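As written, the chains take the letters A, B, C and D, and residue 1 is the first residue of each chain.
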């Protein structure tokens, strides 16, 4: 039983951050998207797209930063399919999301075979973003918190910043205000002359960018090559995080950390065979948490009023 | 007729034409007008598929080697789901393949099924145990004594992690090594048991950790498992997890410790970190099987076990580490190999035998 | 009075016409609005008031005609233009985002601050300053959800003022307010006028017109049928202009002695709507077999709640519903129907029919699990088919067949389907709400005759209608529903639509207040 | 007229023809198609005789109409897919030849095997849709069904005619009960079933591993990550036993699936339950207004959806795999959504869309095997088909544009 004690150390927290980063990114993306009124269950697919293009670009340019950019942009562009389908063509959001997921697998595998002659995994990129890990002087010396938050890799830092930015965007900016209004009471926004469609397109696009970034993290920062099935359900965990986080940036972040912790903990439980619980018990944790959240056991969890509600200006015609 | 129906009819016609065009001059031509003269050799991989930088690719390499030497027409197909196993195997046979390989433990039942239904084609299953008592005569299981590769690799790890830790700054004195497992299937277990035994044989008080990730495709999980063990002082990580393992090697590389690859020489993944790889000569086994069949010496109905005596199991060259690894270690490796060959040492094939509860 | 100032026209419409696919909502509207006056737009529901305002506000485009603002012609492509030109509108259904603060709602769309950042300090200051200027007291940091309807309306007004509105349109501003809140609203409006803001109030309540407006246009069926200086007009005249019935279809209903125990009795029923207001506020009435009791009243005075309470979709806060002497308030819809309570809902498409389902299926909706339409768990499709074919015949419903979706039928025929379904269950009590809304004369006549037939079959009928002439031509007794109460009972023979309209529009109430 | 007296006769003939025909066809005895066509024709004639020429004609027309969107979608998707292949340097014609030859002829048996489980999950999703619900978690109920079937299959030693129905029933019921909590939450708290069932699907996926290890899959067991094979007595009947020429893997699961589809169709169109489900799904308010219990119907719908999805799992275990593999799911739940949407939730339509999906999958494998074209193109085509068919607004959109143009032209003429 001394095992338990030795699990609980700084490394566990570092691992927690490492595992939660992609979830955090996708989750805050989803938050923005759903706050604008578009339900997005396609994060899984977008992540895969992002991871793939990031790896490929990094591989052929030899520059991970270009890879990063490629991943983010690819995610953004791919997400626009969802935007067009749901906003312009008024397709059911969940349906579109499901189709997006199916599509992404096909696209990536097809391109894999085209480019590398085989699916599975790409060759290792010459240099990954991990190489750019840097400790913030001073801060990183703080015991425990130092190594956890201030000695990290680029995208992890970005995720911290992005959480704050999302918070500011939603709370403090005009666009953020409009976006939230679009998800709560679209007509109110339209009647004061702000385009609901624009806001919703924005929401979907941003979530695409962030999910793409999450993918890039998986392929070119946390590892040095792309592998099919890399996302491995993280997109859905992100959804879970967003919901149990009550559709807020901070909430999503905390939930993501929580889920990351559960995963890190689970691996370490195995390393020292302390009490033999099937790892699955920990893996399903996020999903159970989400069910509890929507069951209303989590107070704050209130979806945007017009989340998933189609908006048609023509309707106001008569 | 209403506009709608008109359009429908038109579309139907189009689709008919389309179909017609597709079936024009008979579907049977759908099979490629491949070089009929050449012998066709087929290979079906399981869901993992090619590009695993491990045993699927290894097997494929064997096919390519044979192609190079015997000028065969090599065909490979990946399965998308388990319902595809049988049709792909029998399909290859029906396409006229002379030998059909099933790559992967999970295709075992499908292999037998396909073999039973195509008695004129030779079938071979990599990592598949064929029960001689009821298996048809045209199917052969290609098994490997992974435990032997594991054992030799274990010797390397056991010595380097403690006695010769000074050899590289990637090694420490904590006397801990770790293993990252994919799904806990027999070949994986054999590697694990062998490795454990190997380590203990030269370094009895070494702490050997291992984590089952339960997947062959999730790099992040493999990385996490490796790091978790590195935190505990492990300075050599042995990956037995396919693509998941790439994450483990990557983790070792980043964490500044060493790793040991699996199945094929994986030093390319991270030249600085990968000391060596515990290889099982899949490539060679495939090649030999094809050769045998072409020479008409293919005998099925049982298993061919490739071990150290066939020079198909063992470890790859040290590559970048060649200069680092001390001569004594290399000597010990040679000794271990000799002992295994002479049968002086028998590497355990399961955790039970190894007495490892990991 | 503001109107006494030198009259500068701020807004004018010329021959404005708005044609919707089915209805002509506005026809040749010519109206002017002077600076600093309060103009009322009086009219029944569907008279086209709201449409006209939405045209002014740029939500709809007029089919023809022009709008002049400060003398110059304008074309609003979206509300944004209208807002920029100084128009403000308070919609009947508030355009407020529930989970945002008062300040955020007010500044939404025209936030202060550099770049994309909202300068909440300034925003808050401005909000506070206007709200003080006009004595519209609100807590700028409160979340809308936590505010009463009255305060929310204040926020809406502030929203307009914040955008420097010089013309303010209030759509049914008092519909959702309590009396006190109404008084406060009037004060505010008065102050705005003093400040030179021109105001248009859309309403159908005479008292409001008299209470605050300087001038009033009366709309009827999309046309302006009159313009008056409020000071020079009596409520009676207004009521007449508004509901005045031109000669329409005459229904010959033979005299008939209604006697015996009431089949339905409501005893001071209280029902709360989702806004938490008592929509029915101690309402009592009774209906006797073989009589038609007409509920006259302007929309939004509790009609829909009365309907839902009777059918069993809304539960009572207090009071009893006695049917054949038994309290059915505790029963659910199914059970009530079982006891012979039938109803023709006002919103036939929402509550009456499942449009995508077949006519035949709609014919048995609700009876589908009763003999003879069901055998065991199976629907007796043949029986249902023949049954509905019979009804289609009987109620001459124009339909290509009983197998087509009800959605394909015209409004009139849809209504006939409902009628057929409800009447064929030969009920003892029938609730009919808005039976002829939006139907053509032929259908109206037919439906009226059917209702009377039921009356002759000694069915107790409660008729809720916004069409006063309908009430008059059908009812044996007329009850005036006003703000959730029955304020007056009439016998059609001994009253005039003027008088009833007077009560409908709350004239009585204010009369009492004066006394 | 006396023709109606012959009704039972006619129907028995039609049903028999159809049944035998389809059995033959699914057993790769392609002449079976003739019997099926004969049945269809006979029905058409009979309909004409009883209802009059016009009726039968309109029947045919409405049938064609219902095909309009799907056909457009599939054909254009195939064309787009072809273009993609062309651009990326594969020969679309040879590829499609292989695809359809493989899917329809060579590996037809595989197409059938792929279709059977899809029909069940598709029905599950479709039925939920009829009640206005989105059972996105069919995947999870599939797992439950499979696990239970395996467990019973391992321990249930009884005559097949007894054990197999029981297994189907029990597994189905447990799969249904797996939707109990989502249903409860939906009715009581309004928690959206999309979220709850999706999460439950993930939970089932991982928990199933534990059960699999418990059923012989234990890492020290003979077949790690695979359960022991179930008793032979619990296997579904193989087509081969009926038609020696049939592929030895094809089992009667497909027939059960089709039977189920007909049953669901019957439930929806001919029973009071179905009536209420549809009413609730299409207009809650009206349903409530006429005294139909909305909550109860939502509950029933979700549970029955789970029941159907559970059958899918049973079908795979008893029919094909005879054991349960871990981490080897083919995503029948997700594909179930696709086929349901494609069939616009018509149970009969689901049969055909499932077959289409099965054909594409099997043909794709054949294609990649023979002409070495990546079968992932099939996934892409599937995606395109879905977008094209489901996004009705695209057509309305185009329609508008079309009309407006027409109008302008007309005005131009004047």
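FYI, a contact is a pair of C-beta atoms (placed from the backbone, for glycine too) under 8 Å apart; a residue touches a chain by one contact, two chains touch by 3 or more.
Just so it is clear, the model here is predicted, and its values are computed rather than measured.
Compared on C-beta pairs in contact, A-C and B-D come out with B-D as the pair having more. Between subunit A and subunit C the centroid-to-centroid distance comes to 47 Å (mean Cα coordinates, whole Å). Chain centres here are Cα means. That of subunit B falls 75 Å from that of subunit C. Between the Cα centres of subunit B and subunit D there is a gap of 36 Å.
Here the CA centre of subunit A is 33 Å from the CA centre of subunit B. The residues of subunit D that reach two or more other chains are 209, listed in rising order.
Counting only residues that touch two or more partner chains, subunit B has 78, 212, 214-215.
None of the residues of subunit C touches two or more other chains. The full set of touching chain pairs reads A-B, A-C, A-D, B-D, C-D.
Contact residues of subunit A toward subunit D in the complex are 39, 41, 81, 85, 88-92, 94-96, 98-99, 101-103, 105-107, 109-110, 113-114, 119, 233, 236, 239-240, 243, 278, 280, 283-284, 287-288, 290-291, 294-296, 303.
Interface residues of subunit A facing subunit C in the complex, by the touch rule stated above, are 172-175, 177-178, 180-181, 184-185, 187-194, 302, 305, 316-318. By the touch criterion stated above, subunit C contacts subunit D in their complex at residues 311-313, 332-337, 345, 350-357, 361, 365-366, 368-369, 374, 377-379, 381. Against subunit B, in their complex, subunit D makes its touches with residues 61, 64-65, 67-68, 71-72, 74-75, 78, 93-94, 96-102, 104-107, 109-110, 113-114, 209, 219-220, 224-226, 248-249, 320-321, 323, 325-328, 330, 361-362, 364-366, 368-372, 375.
Contact residues of subunit B toward subunit A in the complex are 48-53, 56-57, 78, 178, 209, 211-212, 214-215, 217-221, 223-225, 227-229, 231-232, 243, 246-247, 250, 254, 268-270, 357-358.
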